[in-house]
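Below, each structure is written out as C-alpha cells.
Shared between the two complexes below is chain A, which has chain B as its partner in the first and chain C in the second.
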Partner chain A sequence: MFFLPFALLLCSRLALAIHESDVGIIDWHKKLIGVPLTAPVFHHLAKNETPGSLLLVPTASNVLAALNTTDGSVAWRYVFGAGDDIASLHVEGDVVVALSGKGASMLRSFDAPTGLILFEKRLDAPTTGPTGIDVAFEPNTGALFALNTHLISRVGEVHWTWDAEDKTQPYSKLVHTGAALYAVGILQQTASLHLAAINPVTGAQIHVTWKHLPPSVSSFVVTNDTVIWVDHSTEGLGFLQLVPTLRSNIRTEKTQRWLEVVDVDLRDKGLFVGALTNGEAKVLRAQGGVIEAIHTFPANDGPQALFAGGLDKAGEPFVARLWTTASNLTAVSIFSPGKDVLTATFPLHAHKHGIVSHLALDGTRLVITTSTGAVQLWEQDQLVWGREESLATINRAAFVELPLPERVARVNLEGESFVSRLTRQIGDAKDFPAYAAAFAQRFVTGAPPREEVVVSVHDHTASLGRDAFGFRQVLVTATAYGSVFGLDTASGVVLWTRVLGLGWAGEGVGGTVKPVKIFVVDGEGDGKDVVLIAQRTATNTLVDTVLFRIDPLTGASVSPAEENTERLLEGTDVIAGPLTEAFLLPGSDVIILIDEYFQVTPYPDTEASAALVARHAPNLYLPFLEKFSDGPRVVGHALKLDPNLSDKYVAHRTWGLRLPLGATVKEVVKPHVGPVASLGKVLGNRTTLYKYLNPRMFVVLTKGTDAVDAPGCGVYVVDGAKGSVLYSAVVPGASTADCDVHATLTENWLVYHYYDGDGTREGETKGWRLVTVELYEGGLDEKTQSSDMSAFSVDSMQVEALEQSYIFAHGITAITTTSTKFGISSKDIIVATHNNKIHAIPRRMLNPRRPKDRKPTAEEQQEEQLIPYDVLIPEDPRRTISHNYEVAQTRNIITSPALLESTSLVFAYGLDVFLTRVAPSSTFDILNKNFNKAQLVLTISGLAVGIFIAKPMVRRKRLRERWYN
Partner chain B sequence: MSKSLEYSTLESASKWRNLPPPPGFSKSTSSRTGAKTSAPPPEAYNAIKEKRAMDFATAPAKSLPMQAFMLYMSGGGVQIFSMGIVFMLLLSPFKNLVGMNDAFAQFAPTTAKNPKALTTLILQKLVYIACNLLTLGVGLWKCRSMGLLPLGTGDWLAFETRGIAQEITLF
Partner chain C sequence: MFAFRVLFALLSFVLSAFAVDVTGRFHWNDECPDIHALGPARVVLDAGKLNGSVLRDGSFSIPDVPAGTYILSVVSHDHAFDHLRIDVLESTFEVRPYSVGTPLNPASSIVLPQISLIARAKHVYFVPVDSFNLVAMFQNPMMLMLLFGGVMVIAMPYLMKNMDPETMKDFKEQQVKLSQMQSAMASGDLKGGFSALIADDPPPPKALPASPAGSKKGNNNSKKRR
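And now, the complex of A and B:
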C-alpha cells in the first residue's frame, strides 16, 4: 500500500508547459538585429530619465534596431515586413525616420527612446525606381521633408508635395537652410549638377537650374550650405555655395591633389573630410562659401581608411580615421577641434571578424561593424561589447554530440596487461572517497549535482564534455556572411568563430563564400567532425566548391596544413565548378559530391571510399532538383560507370516527376530519418494498422502560375527510387502563384500547413489549415512489409492514407518534428508562427483517427488516447515553448535527440536564434525535480525500524503458539 | 484452526482401532453404548463418502457466482485489487488440480487399493477438473476483458522485425 502515494507523487506533475523556473535554464534566446547596412548612428537620449545613448542602425535583415551603448543589448527593434525593404534611416532629436517599401514611399517615424511608431504615412512614389532618398528636418516645427528621386514631400502640419518638372533629374540630397530647401542631384551621363531651391513653407519652387560639371565627377558631398566634389581628372576640389537664387558660381581648389571627399555626417557643423592622393586626409570646414582645412591626418602606414564623424553628448564634433596598420592592428585617430588628436590601436582579429566595413563615433567611443557582421564598441583600445550579428543569417546548422569525458574515454581495455590494469584501478581508487562523499551527500540531501540534471545556461565554467543526459552539444552554424560559429547548446555561448576564406576568389573585391551543405561524420577517436561544403563565387562569377572539415569542439581545421586557428579557414577545393548536390552515404563517413556534369566525386578521396561507392552504386537512387528552362523539376538519378568516358561514376536520369501543366516545384522536403520504434499502430481492439515505412519517401511542394486554369499548390509524396506518387493533394494558396505551403515528413506521417483563401461559401472561413496524413500498408492487420520491400515490388504502391484537416490559428514559417534517440517517445510537431512564437503541437491532436461524430470507445481512449475530432486546434499558451521571447522570422527549425529518450533539443533560427528542450511524452525517464526523496528515505527507514521491533515479538508469539495450541 | 471431519475413524480397517484405550478410560461404557447403536454397513459409508466427494468436486462451481460478482465489483482496470482476484482465479485451478489426488484420498472407498490413485473416484475427479476449468475460464475471460490476453496482432507487433530495403535513396 505504500506504493500508492509514490505513484501519485510521480505522476503529479505532468510536464504540460514550460515552467517559469525553467526559463533561461533549459532554453536560451539571442535577440538579433541582422548585419548593419550602414554605419550605426549614435543617438543621445534627450530625456533624462533614460540615461545613456542608443545606437540606431538599419540592417540587412530588414530591421531597424536600437542598441544600448552600455552593454550592446537590443533596446528596441522594428522588423519590417517582407516587401517593405528599409531604404533609408534619418535621425533628428528624438525622432527616427525610416523610409521603406516599394519605391521607398512608406514613411515611418519612431520615438527614439522607446521605438514606438509616432506616425506612418504613405508618400507619393516616383514613377521610376527610387535613386536618391534623403530626409531633412525643419528645426523647431517638427516638420520634415522627404526627398525621393524627383519628389519632395513636406510632412507635418502643412503638407505639400513638389514634383520636378523634368523627371529625368534625379535629386539625391536635401538641404534645409534657413533661407530655402535645396535639392541637389548629379547626373553623370550629362555631366550636370541639378539644383532646386524650394520655399520650405509653401512648397513653391524658387529656382531650378543645372550646372555643368566635369564628366569625371560621380559623387558629391553636401555640408552646411555647400556642395563639394572632386574632379578625378584634374584632382581638384570643386564647390558651390547654395543660395536661394542658385546664381552662385562654381569655385575650385587646386593647390592639393584630392582623391575624394567623404561625408562624415556633420552637416550642421560644416565638417567633412577630404582625402589626398598622397595618403593624407584633411578635415575641412565649409562656411560662408569658403573651405578651410582645420586638421590634417598624416599619411597612414596601411591601406583602407574609413572616416566617421559624430557629436558627443555635449554637441562637440569629432572626426575619426580608422585604418589597418602594417602590423595588422587596427588604428584609429580621433580629432576634435580644439583638442589633442587621440590615437589608439587595438587588435581586431580578421580571422574572427573579417574587416571593418563601417565606423561610427561618439566622442572617443567607436563602433565598428565588420564584413562578417560583428558589431563592436571600443572605448579607445578596450572592447566594451561585441555582437555577432551574422547569426541572424544562419543558413546551415547541425548538432554535434560531444565525446565522452576524457576520464571515461581514455580507458583502452584491449591489450591492457594485468599490472597496468591494477595500477590504473588503484589510481582510480584515489577518487573513491570524494565519490563516496558526493554520493552520500546526494543521497541524503536529495540534491543531485546541478550539472548532471540541469545543464544550466549560467554554467559556463564546466569544460566541454558530455553531460549525463546529452543536453550539452555543440551547434555548428554557418552563416551567409561566410562565418562559422560553434555554439554551446547549454548556454548559447559562442565557443569559437571561424571565417571562411575566399581563396583565389578573394583576389579582387566582392567574392563570396556561401555554405550549402553541412554533414556530421565520425572523426578521430570517438569524436565527430563537421564537414561543411561551400560555394565560392568570385567577382568574375566563377564558382567552385570548397570543403571544410572542422573539429566541432575547437573550430580548428582537421587538416594538419591548416591547424593554425589564427587564420582564415581556406578548406580544400573539391570540385572546380558549382556543386549540384552532396549526399552522405548511409552507414559510412563518405560524402559523394555531384558536380554540374553529374559526375560523382567521393570525399574523402581514398580507395576505401571509392570501393564503397562502387559497392552501393547499383542500389543508389538520387532524386534532386534540376533546373530546366521552364523552372526546376524533380528528377531521379541512378549511378553508372562508363570506363570509356570517365573514371568517375556519373548520375544519369531515371525518372522525372510529372506535374500538371503550369505547376512548378517550389520546394523538396526531405524526410526526418530516425529510428522507428513501432512498425504499426495498435488500435483499441488490439488490431494493427501497419505503417507504410518506405524509406525512400520524400515530399515535393509545387506551386501554380497566375494563369486562370492553373493548378493550385500541390503536395506530393514521392518514392525516390522510381518517382511514383504515393500521396498527393492539391491545396489552395493565397493565390495560385503564391503557395505558402509548409510540410514535414517523418516515418509514415506527413503534416502540411497551407493558407486557404478560398473559403468564401457559407460556413467556410478563410484561414490556415493544418493537415495530418498517415500512410498505412492497408486496412486492419494487412501488411506488406513496406520497410524492407523493393521499390519495384508490386505491393509497394499499396498505400492507404488516413487524413484529417484542422484549422490552425496562425501562419507558420517553419515546421518540423521532434526527434528522440530511439523514437519511442511520441513526436510533436514544432512550428514557428507568424506571431514570432515557437509552438509544439502534440501528436495526439494530430492523430487522423480522431473519431468524428462519435465518442471514442473506452478501449480507443485507453490504447490510442483518442480524443473526439475538433476542427480547431486550440491555441494553448502552454504549448508555446518559446515562453515570452520574440523569435522573429524563423526560417528553419532543427531538432536533435539527447541521450535521454524523452527529450529532444529544438533549435530555431532566423532573425533570432532560440534553443530549448522539449519532452513530448513528458520526462518519464528522469526523476521529477520535486520528487520527495526525504519522504522515501524516511518511509524506508521507518519500515526497517518497524521490522526490527516487530521481528522478536513475532518470534515470541510463534513460540507461544506452539506450546499452547 | 479449521476443523475437518475425520471420516477415517468410521472405518473398521483403521489403524486407530487397535490402539489401547487411554488410562482411566472405561471401555465397557463405550462398548455398551456402541452395542446399542447398530453399526451401518461399510457400503453405506462408501455411498456417503462418494456423495461427499461429489460435493467436494462441485464446490469450485458453486463458488463461481460469488467470484463472478467479485470480479464485476473489482472493475475492468488493471489495479491491485482486480489483479489479486484474477491471479487467485488463474492460480487456484492449477493448485487444486495438482493436489487433487490427495484431496480425494479421504473420500476413497474402503475397497480402493490405493486411495491416492487417479482411478479412484474417477467420475468425481472428472467433475472436479471440469469445475476448475470453469473457474480458469472465468479468470481468462476476465483477463481478456482487461486486455491482458495477447490475442490481437497488436500484441505481437513488438516482435516483428524488418530488414533493410534493397534500394537506397539519398536526400
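And now, the complex of A and C:
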C-alpha cells in the first residue's frame, strides 16, 4: 500500500519538476526568525567545536533562533507550535533552556551549537497564570532549577518540586549561591519582598519570610547574593544580602539620588547599573553585602539610554550604555574593569529602522534590535551585518508590474521632427553592437541572454525595467511593525524600505500603524501606484484611517508628493475613525472606503470619482463583515444618498447571511479574479458543461462553538448581491470550536481543505481532506449565461455542483490558485503544508469528474485528460515547488501572472518569505531550457552531409540514364 | 471552598489517570542516517494538537494523551515515514500499523511492540537535467531507422551489383509481389494483395513484363558499361 503513491508518481507527468540548477535562479527564499522579544544573548562556542559565536534570541514569531555572529545567517532555529508560546530563555554553558506553553510549564533544553533538543519535560504548572519565571543552573552537575510563580522544580538526576504554602506569593527571581537556593519576589499591593531559602539538594525548605518595602518599589535586581531596589519616593537605594537564614537586614544608600537599577545580565560578576536622576549612570558591584561604584558614565547629551552587559570570549565583563545624541547619532560607550572606556558613534537611520529597543554586547561588538524589527551587529562604528526581521510579519503584499523601459516607452512617433528622430535612432543604435554580440552568442551557444530568461541576482542599483517575460516585478509588502518594503521579485533584494509615519500622533502622542488593505492602481503615465490603507491607533486610543500612495519603484510617497525619502513616510488621513471595509470600484482606479457609520468616502477625493460612485451606486452591492454582539456576521449592503442626513453615500443593509444557531463567521474568502478563457468544459462525448460564472460569488467559512449540539465548520458560497447560498457544506473540525478550514475560489472552482476527526466508524478514517467543487449552470449542454446574468434573474439560482473529496496527507496553512495573464493555462492549487513546504497540486488530480469504479474512455482521456478516481492524492516531492527550502508558518500565498501566459509568480509569506515561478501547463510558449539544440544541429548537419554525398551520385545516375536510355 | 478543592484534586487525579505519555524512538537507516539528516521534526497525533519534538537521542514523547484512537504521523521536511495507529488505553497504549487512505476500523490484528519509526524514503525534489548524449541519440530507434535507411540508399546499388543473377531474379520477383500487394492495399483490395503475397507462382498480370524489362535494362546497362 505504501508503494502505491510512488507507483502513481512514476505515471504522473513531470511538467512542474524543477532542476537542481534552477535553485536560486527561478526562486528565492529568506529564512527569518521574527522580531526579537528580548535582547539577544551572545554565546561563545566551546573551543573544540567550530570556532565562532552565536546569538541566541527568542522572537515574537514564537521562534528560538541562533544566528551566526560572523554573517548573521541562521545557524538553527526551533519553531514553537501554536499554543506553545515561548515564555523565557536562559543560557548556561552549551545548554539553552526555554520555558513555553500553557502556564510556561514546558521545559526544553537545547544543545547550543546544533540546536538539537536534549530533553523535553512538562513541569507542574502553577494554579494561577505564570507571573514570574526564572531558571538557575547548578554548577558542575548539569542540574537546573526552574521557578514558575510559586513552584520550584529541580530537573536533573534528582528531581523534586517545592511548592510555596501561600500561593499568592509570586516569586520572580531564582538565585543559586553555594549555600542555598533563593527565590525572591515582590508584591506591590502589600509592599512586601518575599524570600524563600531552599536546600538545593533535597528541596527542603530552609526558611520563608517577607520584609516590608516602601510602597513605591516596583522592581528589583538580584546580583550575586544581593537584592537591590530603588525607592522612588526617597530616591534611595535599598539592598539586602541573601543568607540561608534570611535574617539579614535591609540597608540603604542615600548619598546619591537614584532613578533606577538595571540588570545587565552579569549576575555572577555581581555587576549591575544604577542610573541617577542627574543623567549619570554608575556601574556598581555588590559583594559581601557591600555595594561599590566602579565606574561612572557621565550624563547623556540626548534622550534614551539602554544598558547591557556581556562577557567576552576570555570571560571579562563589559558594560555598555547606548543613547541617542543631540545630533541624532547613536552613541555607545563601553566600559570594562581595568580598561579604557571606549566610545563610538554610528548613524542609525530612524526613518528606516526606528529606535533601538534592545542591546547586547560581546566585548566591543554590539548587537542592537530596533522598533521596526531590524537586528544589526556593529563593530564599533562599522555595520557588520543587518537583518530585516519585520519581513516575518508581513500582513499585506501586492505584486506591481514594472513599466516598460524608458527607451521603449518614450517613443512618440507623431510630431517627431527629423532631427529628433535621427538623434533618437543614433542613440538607440549605440546599443546595437551589444545586441549583435548577444545575438551571435545566442545563435552559436544556444544560451539565452541572462537578462531575459534567467532571473538571477541583478545589480539592484540598475534602473528597474520590465524584462521580456515579466518575471521581474516589484513586490510591495507591508508589515505589522509599520514598515513597508519593496522587494525585487527577481532576486529578493530589498529595493527600498519605508517606515510609516504617525501623522499628528507622531508629535508627542505616539501610537502604532497597522496596514489593513493594499491596492494597485494606475499611476501617472505608464506606471502603477500602490495604495496602502492603514489603521493608526494613537496611544490616546483614537483610531484613524490613513492612506499612503506609494511609488513602487522608489518607495516615495506620490500624494502628498515627496522628494526626500530619507524620512518617515507620511500619508493622508482619509477617515477620522476606523475603517470597516474598502473596495476598488470595478474597472476603475477609484477606491471606496467605508467608515464605522457605513458612510462611503471615495478615493481619490475628486469630482470625477464622486461622479463615478454616483453612477455605480444603484448597482453596487457590498457584502462585508459587520461586528455584532454575538460575533461577526456577513451582511450585504446597497448604497443610498440622503442629502438631508449626509453629503456622502451611506451603505444600508439589504441582506444578512443566516447561519445555523451557534455558528459564527471565521473568515471571508474573496475569489481570485482573472480573465476567463472558456465559458464551458467540453466533455469526452462532445457535450458541454457550462461554467457557473457569477462574478459576485465569495466564500464564507464558519465555525461552531464548544456546545455539544453546535454545528460543525461551514463552507458557504454566497451570492454577494442578494445573499443567496449557492453551495454549502458542513464539515467536521478537529474539534467543534476549532475549525481549521481553508478554501480558495476561482471562476467556478472551489477547493477546500479540512480535518476530519470523526472518521472512527467502521470503514472510515481520520485525516486531512481536500474537496474540489465545480459549479455549473446545469446538466449537459444546459446554459443560462450566468456570467452576464442579472443578479436578480430567476436562473441565477440554477447551479449544479460537481464535487469530489480526497485524502491529503498533510495539514495546510494557506491555499491559493495560480493565475496567468489570459487564464488559458490550467490552474494549479498551491498549498503551504504543515511540514514547511509549498506544494503544487495539479488541476488534473482535482478534477471532480474523475470517474469512480470505471476507466475513463479514450475520448475522455483525450479531451479532458481524466484519470480514474483515487481517494489519496499522491505525495509527489517533485511537485514541492519550495524543494529544499524550509518555508515555515506560511500565512498566505499570493500569485501574479507574468507576461508569459504559461507562467505564474508565487509568493508565500509567513515566518519565511519565498518566491518562485510555476508553469502549470508547462512552459508551452517558451523553448524549454533543456531543448536539445545539439541534436537539432546534428540532425541538420547530418542531412546536409547526406545531401552532399548523395547529390553527385544522383547527378551521375541521371547522366547515365540520359546516356543509356 | 474545601469541596471545590477536593473536586479539583479528584478531577486532576482522574485526568492524570487517563492520560498517557506516548513515547517512541526513531531508528536510523540509509535514508536517514542520523538526527542531523532528519532536521527539525515533530511527531504528531491526528491533526497535530498533541505533538512532541524529536530529541537528540532520537526519542520523542507526546505528554498527557487522553484515551482514544489516534493516527501518529511524523511531520518532517525531507523524509517519508509510516503512519501508525495508536490506541491509548487507561495506562498504556497499543501500536498498530496503518496506511493512509485505508479504513481506521476494524483495527489491524498486528500489534507492534513499540513505536519505532524508520524513514521509508528521502524526498527527491529535482529531476536530473537530460544532458545531450551522442550514444543515446544514436540508440534512439527512429535514429537507427534513419541511419539504416541512409546506409541502404548508398549501399543498395553496390549490393545489387554483387548479387548472384539467380538470387537477383528471386529478389526481383519478391519485389514485384510486394509492390503488387502495396498497390492492392492502396486500392482497397486486401484479399487480392494477400493472395498475391501467398501465391507461389507469380501471377501473370500486366505489371510483370514492365519491371523485369526495366531490370533487364539495368543489367544490360551494367554489362555495357563494362
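Assume the second predicted complex is superposed on the first by the 883 of 965 C-alpha atoms of A that agree within 3 Å, B and C clash if a C-alpha of one lies under 4 Å from a C-alpha of the other, contacts with A are read in each partner's own complex, and residues count from 1 in each chain.
Everything below uses one rule, namely that contacts are C-beta pairs under 8 Å (C-beta built on N, C-alpha and C of every residue); 3 or more make two chains touch, one makes a residue touch a chain.
In this text, all values refer to a predicted model and were calculated from it rather than measured experimentally.
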item	value
Contact breadth on chain A, by residue count: chain C or chain B	C
Partner chain(s) touched by A:Asn835 [first = chain B, second = chain C, both, neither]	second
Partner chain in contact with A:Arg108 - chain B first, chain C second, else both or neither	second
Which of chain B and chain C A:His883 touches, first, second, both or neither	second
Contacts of A:Ile18 with chain B and chain C, given as first, second, both or neither	second
Touching partner for A:Ala934 - first (chain B), second (chain C), both, neither	second
Of chain A, residues touching chain C in the complex	1-2, 6, 14, 17-21, 77-79, 81, 83, 108, 111, 114, 116-120, 122, 734, 738, 740, 755, 757, 759-768, 807, 809-811, 834-837, 871-872, 875, 877-878, 880, 883-884, 886, 930, 932, 934-935, 938, 946, 949-950, 953, 960, 964
List of chain B residues in touch with chain A within their complex	1, 76, 147, 151-155, 157-158, 160, 162-171
Residue numbers on chain C that touch chain A, as the complex places them	35-36, 39-40, 42, 46-49, 51-56, 61, 63-64, 69, 71, 75-78, 80, 82, 99-106, 120-121, 123-130, 132, 134, 137, 150, 153-154, 217, 221, 224
Sites on chain A touched by chain B in the complex	583-586, 592, 616, 619-623, 670-671, 678-680, 682-683, 685-688, 693-696, 698, 720-721, 781, 785, 787-792, 858-859, 862-863, 965
